[in-house]
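Take a look at the structures below.
Paired with chain B in one complex and with chain C in the other, chain A is shared by the two complexes that follow.
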Partner chain A sequence: MTPGMLGQLGLMLAVFFSVAGLVSVVAAWVLRDARYVRVARRAALLAFLGTLVAFGALEWALLTDDFSILYTARNHTTASPTWVKFATLWAALEGSILLWALLQTLYTWLAGLRMRDYWTSPVALGTLFAVQLFFLVNVLFVINPFTPVPNPPADGPGPNPLLQNHWMMAVHPILMYLGFVGLSVPFAHAIAAMVTRRYQTWVSETKWWLIFAWGFLTAAIFAGGWWSYEVLGWGGYWAWDPVENASFIPWLLATAFVHTAMVQERRSLFRSWNFALVTLAFAATVFGTFLTRSGVIESVHAFAGGPVGPIFLGFLLVILTTGFALLGRVSSEVRDAGSVRLWSREGLLLLGALVFVVMAFVVILGTLFPLLVEAFSGDKVSVGAPFFNQLFVPLGYAMLALMALGPVLPWRRAEPETLRALAAMAVALVLGTGVGLALGWTLWVSLTAGLFLFNLVALAWLVASPIARKARVLGGVRTGVGALAWSRRRYGGYLVHFAVALTALAIAFSQSYRLDVQKTLEIGESWQVAGRTITVHALRAVEESHRYSVIADVEVSGLGLLHPRLNYYRTSRTPFASPAVAYTLGKDYYLVLQAFDQKDSEWVTLRLVVTPLVLWLWASAVLMVLGTAMILWPSTRRVQVGRTPEVEA
Partner chain B sequence: MKLKYLVGFLIVMGAIAYLAFGGLGNSLVYYVLPSEYAENPARYEGKRIRLGGLVKEGTVRYDPKSLDLRFVVTDGVVDIPVEHKGTPPELFKDNQGVVVEGRFDGEVFRGENLLIKHSETYQAPPEGGYTPEEVRKLIEEAK
Partner chain C sequence: MKRIAFAVALVFSLALAQTVGNEPPPDLSPQVFEIAKKLRCPVCRGESAAESSAGVTEEMRRQIAEMLAEGKSEDEIIQYFVDRYTEWILYEPPKRGLGLVVWLAPLIGLGLFGFGLYGYLKTASRRERALSGLEDVSEEELARALAELERDDTSEEQP
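On to the complex of A and B.
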């Protein structure tokens, strides 16, 4: 048995069991017999195992340098270190879609285990089977990584050097796909809800999956930004590149949906809107793949084209048509239980969701605009960062204001007791902005600082007031603090909000106050810049199995030695600059080795980028993930009640 | 009741559309070849553009001390002198496809951002040089 044969076998089994699962749920639906759902669950497990075999076979081929199949022959090299060999599986199109299929089959199986509803589970499970079948059929018939190579080469070209330059590239795609695939579960339940005409409960049933997917999308986007900062050597973390946008659009729509789903759960409102939003969010994950894998848009990390573009476009249209056709059919009978007052929590949540949807629209517009212009006028244009920044600044302020106000206002209607909190928040806003201006910050940065304080006061009030209330009723602050334990989910949400405010602050500062300079220095020469002394001590070369590196030893006063380097990979004529970053709480010192004296090694050209608060961006990402984990962690409420029943009373 | 929401929604969308398209007009960066520029220089006056073409043979002057880089971009018909501050990328060589982002300053194009369009397989230019169509194709096909 060769890896190629094993892989083909695994894929065939996976397709077979997915079809079997689909047939079983159709039988369950037509015959109204729940036993077939149990059969489908088993088929889901077997389909997952089949895909796992294919995944394992491809890893087997990569780790044993088997070049007899297409994927390794094109994307692998014996010179890679082991971790790169392992991660090469998702370094190119075929493998990354196989990984996607693997995660989709895993989610289908796990989501199936949790489906209890007699009416909706056949449809929801069927939708998931259909989605996974799409990916599996693609991997088996269109972009099969196990296609035999007639004359296997002795060695291959290896994966894109940019992907080997940092370990984060082994993690980022998995996080991203866990997020993308996670959105398929709420989508499948929404389809089931529309087919079975049960418009309310699907939201609470899929809330866990939605937040799970949201957490991974968030982590993946930040991880990608960090990778870009650490590897690409231009000193930034976000470039409004089409691939970045492709991951941002589903995140924006999922964020909008997280908030309106909460309103539907609590107040049975926005039902039609939620059906539309979940369809759009799931479609956006496929749209992103279409954009970046079809060659329609050129980008740093777009894989080579092929027949995948039109196929994904077709799948995108099927998702949108199915979602909106079903919604159109039932929309006349989907009714909300009541109406919305703007000045209430649900009113502001709706406004906040609108802000996120508009942001998504702006990103789609900016990403597709070059295509539209070229189609109509023939001019080749690109939409630069100024466009996105211009629109995201006001939208970002709206988001910051709403995310503080929403949780402070109670459901249904504003009460007088919240007015004191609002007054304190307004004071913080004015004070923060004023102090910022007095310190000489730009208006935009000052306003962001003001809104950061605005959020901080809101969160402080949200945390303190229930504790104070409990303490008043039960006597003693400690009992009040005990209340924290049972509403961990709420505090997880607050933590995420705090982290978003911190992100906004870090973005405002890092985008507004940035120093970017270049200088050619002799070895041993010092450079006074940005309040530091930069000295080049030595220039040396290091040979590794898969690359050759030129490294400069540069001392930054007070921060120690940094080692910016140029990496030369065998398969590429261009060297890849690997920057060296000294993180501090205030500013980052980011050094890139731009060029060096190739004849006598007497000089180097360095680029220095000094950016404030970037470290806080990564810190806020960690806080967001922590907050999400707090929300998702299985509830220990029952245990708590047993121990301290008075807290619940 | 419904009408109120509809009107509100339309106003919001109108404002966004206005902002978006107004903003787009100012922040679009046109992609131009030297001969396209020569046809109508007034159109690109003072605007940020991306100038594409080949590095003309024997025109590259670079001083690593001052980081001044000068070269001529050509598409086989029209030549445009470019001035840029900063290290040229490793693959910056004669007859290499480049895209320079920047603005025209009189006759000279001041580059702010230099992108190399390199195909991994180097080809010698044909006898008699490229035509603009060939140059455009070359640059677009390269990654």
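On to the complex of A and C.
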């Protein structure tokens, strides 16, 4: 048995069991017999195991340097270190779609285990089987990584050097796919709700999966930003690159849906709009893959191209048509009734969702506009960071204001006691902005600082007032604090909100106060810049199996030695700069080796980027993931059926 | 030290043949990067002239530094690149002609989505009143009744 044969076998089994699962759920639906759902659950497990075998076979080929199959012959080299060999599986198109299929089968199996509803389970499971079949059939018939190579080469070119430059490449794509694929579960629940015409319960059923996927999307976006920061060598973490945008659009739509889902659970409102949102969020993940895999757009992150563009476009259209055709059919039945005051939690939740949807619209518009203009008029235009930044500043302020106000206001209508909290928040906003301006910060940064404090006071009030209330009732502050454990999920949400406010602060400072400068220094020479002394001590070379590196030893006063380097890979003509960063709580000192004296090794050219508060960006990412985990962690006490306690205000 | 140069040259002679001589690149002030950030790298994929490490952007940054040294203003420098590459080189689309469309579309989007939300809430509220048999009651009457109801609530709470 060779890896190629094993892989083909695994894929065939996965396709077979996916079809079997699909047939079983159709049987369950037509015969109204829940036993077939149990059969489908087993088929889901077997399809997952089949895909796992294929995944394992490709890893086997990579780790044992087997070049007899197409994927390794094209994307692998014996010179790679073991972790690069392992991560090469998702460094190119075929492997990354196999990884996608693997995660999809995993989600289908796990989500299937948790489906309890007699009516909706067959349809929801069927939708997931259909989605996973799309990916599996693609991997098996269109972009099969196990296609035998007639004359296996002794060695291959290896993966893209940019992907070998940082260990994050072993993590970021998996997080991203876990997020993308995770959104298929809410989509499946929505389809099931529309087909079975049971419009109320699907949101609480799918909320856990939605937030689960949201957490991975968040982690993946930050991880990608950190990878850009550490690898791309220009000291930035976000460039509004099309691939970054493609990951941001599903995040924005999923975030909108997280909030409108609360409105539906609590007030039975927005039901048909939620169907539309969840369809768009899932479609956006496929749209992103279409954009990045089809070669339609060019990007630094688009590492794989291939024939799948039209296929993914077709799949995207199928998703949108299915979702909206069903919605068109049921929208006459879903007649929401209820009045919403703007100045209430649901009013602001809906406004917040509007902000996120408009953000998504701006990102889609800015990403596609150059393509549309070129397609229709042949002109070339560029839409880049300045466009997105200018539009996201006002939208970001609106988001910051709403995310503090929403949780403070009660459902249905404002109560007099919240006025004191609102007054304190207003004082914090004015004070923060005023202090910022007095310190000489720009208006935009000062306003962000003010809104950060605005959020902080809101959160402090939200945390403190229930403790005070419980302490009054139960006696003693300790029992009040103890009672907090009862609303862990709510506090998870607050933690996420705090982290978002912190992110906004970090973005405002790092975007506004960045110093970017380049200088050539002799070895031994010192350079006074940005309050530090930078001294070049030595220039040396290191040879590794897969690359050759030139390293400068540079001392930044007070922060020790940094080692910016240039990596030369065999497959690439130009070297890849690997920056060195000294992280501090205030400013980051980021050094790039731009050039060096190739003749006598007497000088080096360094680029220095000094950016404030970048560390807090990564810290807030950790807090967001922690907050999400707090929300998701299974409750130890029994939850009453049909009522989710965490939304009780 | 010389061994480094030798080894690099040996293994990557092709790469080195590409680089221009052995002259150090020019020193660049923060202002150079500020301007370069607004221009796209003409040969890269989605990177600005400040970010890219491509040869052509190194040359662009050098030109910007030279023009700044000659006392040219930022606008003049950007115009120089627009003349060479057309407005495609600008990462910020111009706020006129075709470029104006992309600037106005978000406002139109906000208006449409906002109007959709407003319309939805109006309908939902009308339906609630219809369901509770209040459709014939005017807005003012409803507000007055609600206010009275609220007063009753508070008077009951205070013993």
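Criterion: the second predicted complex is superposed on the first by the 633 of 649 C-alpha atoms of A that agree within 3 Å, B and C clash if a C-alpha of one lies under 4 Å from a C-alpha of the other, contacts with A are read in each partner's own complex, and residues count from 1 in each chain.
Rule of thumb we're sticking to: contacts are C-beta pairs under 8 Å (C-beta built on N, C-alpha and C of every residue); 3 or more make two chains touch, one makes a residue touch a chain.
Predicted model only: the values in this text are computed from it and were never measured.
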Combined model on chain A: chain C and chain B, fit or clash: clash
If touched residues of chain A are counted for chain B and for chain C, the larger one: C
First (chain B), second (chain C), both or neither touched by A:V435: neither
Partner chain(s) touched by A:A595 [first = chain B, second = chain C, both, neither]: both
Partner chain(s) touched by A:L539 [first = chain B, second = chain C, both, neither]: second
First (chain B), second (chain C), both or neither touched by A:G233: second
Touching partner for A:L391 - first (chain B), second (chain C), both, neither: both
Touched partner set for A:R573, first chain B, second chain C, both or neither: both
Common ground on chain A, meaning residues reached by chain C in one complex and by chain B in the other: 298, 339, 354, 358, 361-362, 365-366, 369, 373, 379-384, 386-387, 390-391, 518-520, 572-575, 594-595, 597, 603, 605, 607
Interface residues, chain B side, partner chain A - complex: 1, 12, 16, 19-20, 23-24, 26-31, 48, 50, 64-65, 67, 85-91, 116, 118, 120, 143
Residue ranges of chain C touching chain A (in the complex, touch as defined): 1-5, 7-9, 11-12, 14-16, 18-19, 22, 24-30, 32-34, 37-38, 40, 44-48, 50-53, 61, 86-93, 98-99, 101-103, 105-106, 109-110, 113-114, 117, 120-121, 123-125, 127-131
Chain B-facing residues of chain A, complex: 298, 339, 354, 358, 361-362, 365-366, 369, 373, 379-384, 386-387, 390-391, 394, 518-520, 572-575, 594-595, 597, 603, 605, 607
Chain C-facing residues of chain A, complex: 232-234, 236, 239, 241-243, 269-270, 273, 297-300, 302, 335-340, 350-351, 354, 357-358, 361-362, 365-366, 369, 373, 377, 379-387, 390-391, 515-520, 539-541, 543, 548, 550, 568, 572-575, 577, 594-595, 597-601, 603, 605, 607
